[in-house]
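What follows is a pair of complexes built around subunit A, which joins subunit B in one and subunit C in the other.
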Partner chain A sequence: MTAKKEVSLINFFIFNAKFGPKEGDEHKKILFYFPHSVPLDTKIKQIGLCEAIITFTATFTDHPCESLHTHKTRQLFFQAEPDFWTVMTLGVPSIEKIVEGQTHTDYREEDIQDHVYRAVLQQTYNLYRLFNGTFQSTLTKCDIESLKQRLDHFFSKYLVTLRLNQVDIMTVFNGVQFLPLDKISYLRLQCFINQMEMIFPQIRYSVVLYNNHLVWSGLEQEDMRVLYYYLTASLLPAITEQDFSTAPLVTSAEGSHFGRFVLGPPDLQNEKNLGRISRVHLAGCEQEMEECFLVVYRALGALMCLLIQGDQQLDFDLFQKIDKFVGPQLSAIASDIAELTSRKNPSSTEMQFKYVYFNRMNFAQKTSIHTSNGLTPSVSSDVLRLIADIHNDLNTVTQVEDGETIVKTSNDSWIVGKKSDQREVYIIIHQKNANLIEINEEVKRLCSTHFNNIFFLD
Partner chain B sequence: MSAVEADSYYLHLSKNPIRFEPVSSVTSVFFDDSNRQVFTVRSNGAAGIVVKGPDEKSFSSLRLEDRGELISIKFSHDMKILGVQRSARAVDFTNMYANADVNEYSQMCKGKDTKIIGFCWTSFHEIVFVTDHGLEHYQVISDKKTLKLLKTYSIQVNWFIWSCESSVLLVSSGSLGNTLFPFLFKSGTVMKLPKFEVELLNIPRPPQLSLKQRDVVLAKIYDQLYVLVLRHGAATPRGTSPAEVILYQIFNDSNAKKTDILRLNLSGRFAINIVDSLIIVHHQVSKTSLVYDIHTPGELGNGVTYHQPFLSPLPIRPFKLSLPAVPTSSGSEVQEYNCELYSPNWVIFHPNVVLDAKLGCFWYLQLNLESIVYMLTDKCRLIDFLLLRQDSKMVILNVCRNMLIPGRQVSLTVIATVFNKLNRVYSDHLNTANGIAIAMLINSVGSDAIRAEGMSKTPIIDQSDIYTHVLSVFDEYKDSSYKYVVAVMVEYIRSLGIFQIPVQHFLFELIINTLVQHNCFYQLHQFLQYHVVSDSKPLACLLLSLEGSYPPAYQLALDMLKRLSTANDSIIEVLLSKHQLLPAIRFSQSVGMVDHISARKFLEVAKATENQMTFFTVFRFFEQRNVRLRGNAKFHPGEYCDPYVEHFKQLFGADAVLSTS
Partner chain C sequence: MSRNSSRCSNSSSSGGDKNDDDVLEGEEPGAVYDGSIVVQSKPFNAITTFLQPPTEGDKADSGSVVSDDVLTDDEKNGGVSPELMVNEVPEFDDDWRSASWKKQKKHVFIMSYAGKPIYTRYGDEDQQAALMGVLQTLVMYFSHMAEPRDTLLCSCAGGHKFVFLGRDPLILVLASHTDASQNQLTMELMYVYYQIISTLTAKRIRNIFEKHKNYDLRRMLSGAERQINNLLDATEHDPCFFLGAVRCLPLELSVRDTIAQAMAQFSKVKDLVFSILIAHNQLVMYIRLKNYALHPIEIHLILNLLVASESLKTSETWTPICLPLFEPNGFVYAHISYLDETCNICLLMITVNENLFHTLSNCRRLIAEKLTHFGCLKAIQGSAKENKSQYKASDVGIPEIHHFLYKTKSASLLTSPMYEAPYSSQSEQDRLLSLYQYVHQRLHNSRLPVRLLFHVGKSEALLGRVTSGFELYIAFTPFVSKGAAVNAMDKLLRWIKKEEDRLFIRNSPTI
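Showing the complex of A and B:
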């Protein structure tokens, strides 16, 4: 009889050590603490301990402290902004066995990979910053109370949606999947976007996705990465669920098209309701964060994000005009792309092997082990963990420019991790009784057929 | 002439008219519209004949014996034989070339009661007599001073029109004159084309000649032959209905077809000119001209297209004639004379000649494209129009350029349409040019003819034209938003793409530089990712140069070089410049170049890394290559590797060097 316990979130808190330097003021350091129910005294103690560890370790190294391993917990530290620390404590997964009538708990420490969960922490902060701006900017513009409110508002909701047992190498990559598209279709879309941005100068940037794949982004890379994560992990799964339930197709007086606002007025006949429109904060390439409204429009498989100047007063008329212009054209482009992608024979391109690819230069990622919504991987969590380990090894431990690691698992799977310049690929081959030479040959063959148009050293 | 004045007229008379002695009691004037020559004849030629043509070369004067009044006078195309008609029965000829016998010889027409209506030179030393009984086609053998009959056609003739540009003779027959017979003359042969009847509004009883020569024009419009018939409005109880011009297209192998009708919306006296395939209808009463373009879409009905004037009716630009200086008390001064436009003394000749016999002036009617640019505000229509005109290239480029000037910028949709129009013509031209190249390869004989046909007069706007004359506007106007600049360039590249025209690399360079200037590296990255920018070595080098400001450019450049597959040398160079020795060696192995790479270059870089391990590895690698290639680890003296061998010995000792002894 065994009982499995998955990784769990014990607590999550944000503090700034500078806010309560005097004894008795320690509670002022707490900006956010989850769960709320914890007595203040415990909160203060926890934060005090973290602060002590961070300060203590800092005497030995310039590199800030990253994590604290205990038998039953794992604590991760992340300095999001100068002096602002976010800390996450996880419960180590365990298996309870009853051996000779005695309960015995086996903690699987190696199942938690520091760099994967640090990526979670980073992603959490990035998402907060996208919608709220930096901690410091809130402090500068408002006061500490409103920062606390914002943190509470965001994290209380967000933390409960975290699927801590489903994070893997893709979280570390935190990349973007691009849509393969021919030049002419791409240029057509490009020209359409240019026309739109000329007609509606309020639109600062636009982003187009097709079936969770990025086609065009006018944003800076880092901003796009965060927005892509928000769209694919949070917004899109929610609207797809909606789609299958109610929501009829919109037909306007000028003729029918398939466009409608996802974030924006839900009904273009009802000018009272502007719908849900979030403000987003873009880091861009400048020092100041830029505030924009995020309006999302959708037609068939295409999703268009319009980032409208934050100082504008949004009026209903603008939405109607955008709908009129964007709706028909985006519908046409979406159905053309659908036709193009369906024409590509899916059976012939389906690869016989499983792989994960990432290019650090443009954050392009590709995977054949995750479904497009990134939820259910088709390989065991052991394999995924191994990939994350190889990645960590290639990037941080040895820090080689180019390299290769080949690992054979206990159940006859081979995992090959290759790194060339800024690109990484992980290939999983299931082949019984193969030897190292055969696997090496096989990988060479795969690389030369699938990476023939990029500079990828064997 | 002020700019304002220039802008308000779209038609003007040629700047330098050909002046000739006006018609008077002693002088008669003849015009040959085939050679465009004016003959001023004094005393039936005895007192001299002055010939003036379109260029100085064709100016000449000659003298003929007075043998009666002249009816018609025309030079052969090569100006070597002069044909003169003095009677209804014969045409007289004089050889005009050097050392020729100047005595006339003549040719009578066939048949007793036959009367010659007129004659025309059909081709080199070939002539056709049009008589009331038919056609007589002769060859003039000037040396023997005789004519040889080639062919006769028997047909009742009222009048005829000769079109030199298409070598077609149109003959009116029948009691109403509305049965028209076209004949096509082709060096020595005559082809009778299918006859056709012109519809008449009312048929007079008893029948009388109703279709007059002056109401018919034979013209080539957009390289197709048309008969234009001016149909005067019929009198109705409510006044005269407006006149129309009916166009019949003539085909070589099928019946003529009524294709277009021009609605004049006016009545009175009209004359027709053709300028650059546009039909210009002059209206004398209102002193205005109407312009029609049969290429523009009109209203369809019964298989015929009805056209309204392309532009609103306007007069021809006033013409001032400077008269020769007259000595006066205050000295000589140049007098200017305002020519009367649409004067009753005007005679209009085909295709675009206006002749004032009283004034002694002969002009060409010309289009003023610049004014039309201001009159047509719809850019798409304007470009369509200009693309069909001759010598309009610079005008088109200017229109495109002005579309992009900040403050006057037109929408991207219009720019896209305009680019598509330009590139459709450009791509057709490229395809024909390719076709010619192929034809020339297959058959070098007759390629000139094919070329002449392929190189039409339509303006071709190619990529360097757009680059130099249109996109350069952004250099001048720095205040253009870069988004607009990039959008315009992307539109152009897209348009080239749909017509499958390969984009030249200077356009890519321009777009890359614009994006780089505005730090839009991620957008540039996406363009490269989707192969909007085509691979080429110069672009890869440009990307390499951008690495400093955008590190991923390095990867993009290497990818591009890899795809080019002819640039493996460059890849190795790039890797070496980055001290990426082992990757460079591995790459050269993978592309099978390992036996050809220079050991000296590699060792030099290896030494420069100051990494002993790397130097050792590279050195050892080349030693092993030496063994494999020559059976000896020693470097060949020609490889100039001695300093590195010394360096190696210094670092690792002389024993470390491989020896094969």
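Showing the complex of A and C:
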């Protein structure tokens, strides 16, 4: 009889030790704690423990503490801002076997990789910061109580959506899937964007996606990654669900187009309803974060994000104008792209080739083993963990500028990781009775057909 | 003792593993003929579970036999005698929190469950009492106060790893700035723990702390400090430790057989359990009582004892020693003597009977006579001179290979060539060692067992291969092509097979 337990979230908290330095004031250090039902005493003990570990590791190194491993748990630390620590405690997945009346629990520590789950921590902070600005800025502009409220508001909702057993190397990359366009379409898009930004000077940045792939972005890379993650992980899945239940497309007064607001007025006849519009904070490249309104507009498969100056009052008129201008053009572009991609598609050889690719310079990522429903069935999560390990090795342990690692597992799966000039690719080949030379030939062949414009060392 | 028709399933195939590439144990180059010489290197988990309780009544309770006059000197000293620390500890400021203290690659702290400092690798442990107090609180929190009860294993911060090992009543902590994995570091802490056990026995330590929770164990450990320091230094330069294998002195088969016969003939004494011949810090021959065997860890502890103690060289020594995996709760007795003037060849006889000194002294004389008569001692000396006991990587005749490690699993023996260019300096050798550690951890750490690893880096290409019979790690020139690497590996395996009689102990008689 075996019972399997998946990785679970035991707690998640944010604290700042400077807020309660004196005895008796420890509860002031707590800024957010999940789950709320835990007694205050336990919360204080947990935070005290974290402080002890952080201080201990600081005795030896300036690098902030990253993790604490115990037999049954894994605690991950991330110093989001100076003195502000976010900590996540996970329960290690385990398998319980009952042999002759005795329960035997086998804790599988290797199934949780520090760098993967720390990437999750970092991602949650980035997402919080996108919608709420930094902790410090909230403190200076308002007060500690409003910071606590914001943290509670955001994290209580977000933490329940975390799917911890589906986190893997892609979370570490935190990259963006690009869709390259042909010259004509690209120029059309470029003209359209330029025109739009001239007509609507309040629009600071714009981003265009098609089918979860990035087509155009005016944002800084760091902001783009966070926004892309938000769009592909939260917003778009929510929209597609809505689509099945709402009314058919809204047509505007002048000619019909297929565009409508996702974050913005849902019905352009109704002046009163401005819809849901989020405020976002962009880090950009300056010290201060910039506040903008995020307006999302959709036409067929294309999604356009407009970031409008945050100090403006938004009025309905603006949205009507945007709809009139953007709607038809975006719909046209979307249908063009649709044609393009359908022409490119019949290359089913891609299916056979299992790989993950990442470019550190532009954060481009490509994968053939992740689908919207999870991993393709032929790839196990053990293999992905091995890929994450190899990635870690190539970047930290062996510290190679360019290098390659080939690994063969006991069940005849070969994983080849190549790192060259800021690009990494991990290829999985499953072949019985192959040897190193054959696999190498196969990989060379694949790289030359699919990555022929990228130089990978042999 | 018939020889197996040795068949190495891979040595004939070209271009690597065409068929099932697993080489079974007992069929690898260098495999032993009958039984195992040393107990299978146990898997990591088996070693880290608590030591087994005593099995036989007559071997137990030797704790009180250690004469107390060995201890009175130590009891007079409050702490560690400074002279022991001088050679091992580099120059730095008195303030243990100085930058030079922090920069040390590996710190080891040992304290009791009550938080009393016992040992620190760098500095004075009394000064570090506060630090040890923090460590003790952390460990005890998880094992005694957390809900549910848990065990603190390690913490990571950037390139630093802090590994914790709690072995009632001791707590051991390692703070390391190397690339070794958590498992490898925990293994090193286990070695230190076993070193302490080998000085005092597990039972004695438990008893002391049961009666006096605040006992200062340093009073009983002053000699062991030096041994622990030596052990830690050795783990930084020698791959034997993380591979769990013992180096064996290359010797012609005929000479080794003669030695085996001589030793076996005169070791058939009641209560004599092991008879070991060591030369130049490597194993030459090993005779054992049927059904008993030594673990590689215990052999390393014995080697450490020999290296660390100058006084053993002067005359025959009779010393109690605890073998932690053989019998953790009691002492066995070792008769230690050197058979040559230069004190490189050492004969150890281990018995459970404390009164056997004179009998063993006699055995020693007889063995020494026979070995001298047959010229074995000369052969050992000769083999040790001028690169014969250590061969060079270039002797193998494969230019792409710069260095390699080969471990047979059936015997837990290791062979490797001398370091040559480009690994002539200590820092290069240490760098290579950490690379071997990386390959080792990648091959052993994953939930999905990895059989082969090939890594191309800036200064070398590494190949690691694990089969049921052996483990092989090779450092190539970085420009080697995959085809050349695979061919080189096959050639190397064939060479090892050809030389196996000389490189390994094939026969280990039982008495």
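The working rule: the second predicted complex is superposed on the first by the 443 of 458 C-alpha atoms of A that agree within 3 Å, B and C clash if a C-alpha of one lies under 4 Å from a C-alpha of the other, contacts with A are read in each partner's own complex, and residues count from 1 in each chain.
Quick note on the criterion: a residue touches a chain if its C-beta (ideal position, glycine included) is under 8 Å from a C-beta of that chain, and two chains touch if they have at least 3 such contacts.
Quick caveat: nothing in here was measured; it's all calculated off a predicted structure.
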Partners on subunit A (subunit B, subunit C) - clash or fit: fit
Subunit B versus subunit C as contact partner of A:194, first or second or both or neither: first
First (subunit B), second (subunit C), both or neither touched by A:160: neither
First (subunit B), second (subunit C), both or neither touched by A:421: first
Which partner, subunit B or subunit C, touches more subunit A residues: C
Touched partner set for A:99, first subunit B, second subunit C, both or neither: neither
Least Cα gap, in Å, left between subunit B and subunit C after the two complexes are fitted on chain A: 6
Shared subunit A surface residues [contacts with subunit B and with subunit C]: 401-402, 457-458
Complex contact set, residues of subunit A against subunit C: 49, 52-53, 55-57, 59-61, 63-73, 108-111, 114, 380, 382-383, 385-386, 389-390, 393, 396-398, 400-411, 413, 433, 435-437, 440, 457-458
Residue ranges of subunit C touching subunit A (in the complex, touch as defined): 15-20, 97, 102, 107, 131, 134-135, 137-138, 141-142, 148, 150-160, 162, 175, 177, 179, 182, 435, 438, 442, 445-458, 481-483, 485-486
Interface residues, subunit B side, partner subunit A - complex: 411-413, 416, 483-484, 486-487, 490-491, 493-494, 497-498, 519, 522-523, 525-526, 529-532, 551-552, 554-556, 558-559, 561-563, 571, 580, 582-583, 586-587, 590
Interfacial residue positions of subunit A with respect to subunit B in the complex: 178, 181, 183-184, 186-188, 190-191, 194-195, 197-199, 216-221, 224, 285, 359, 361-362, 364, 401-402, 421-423, 453-455, 457-458
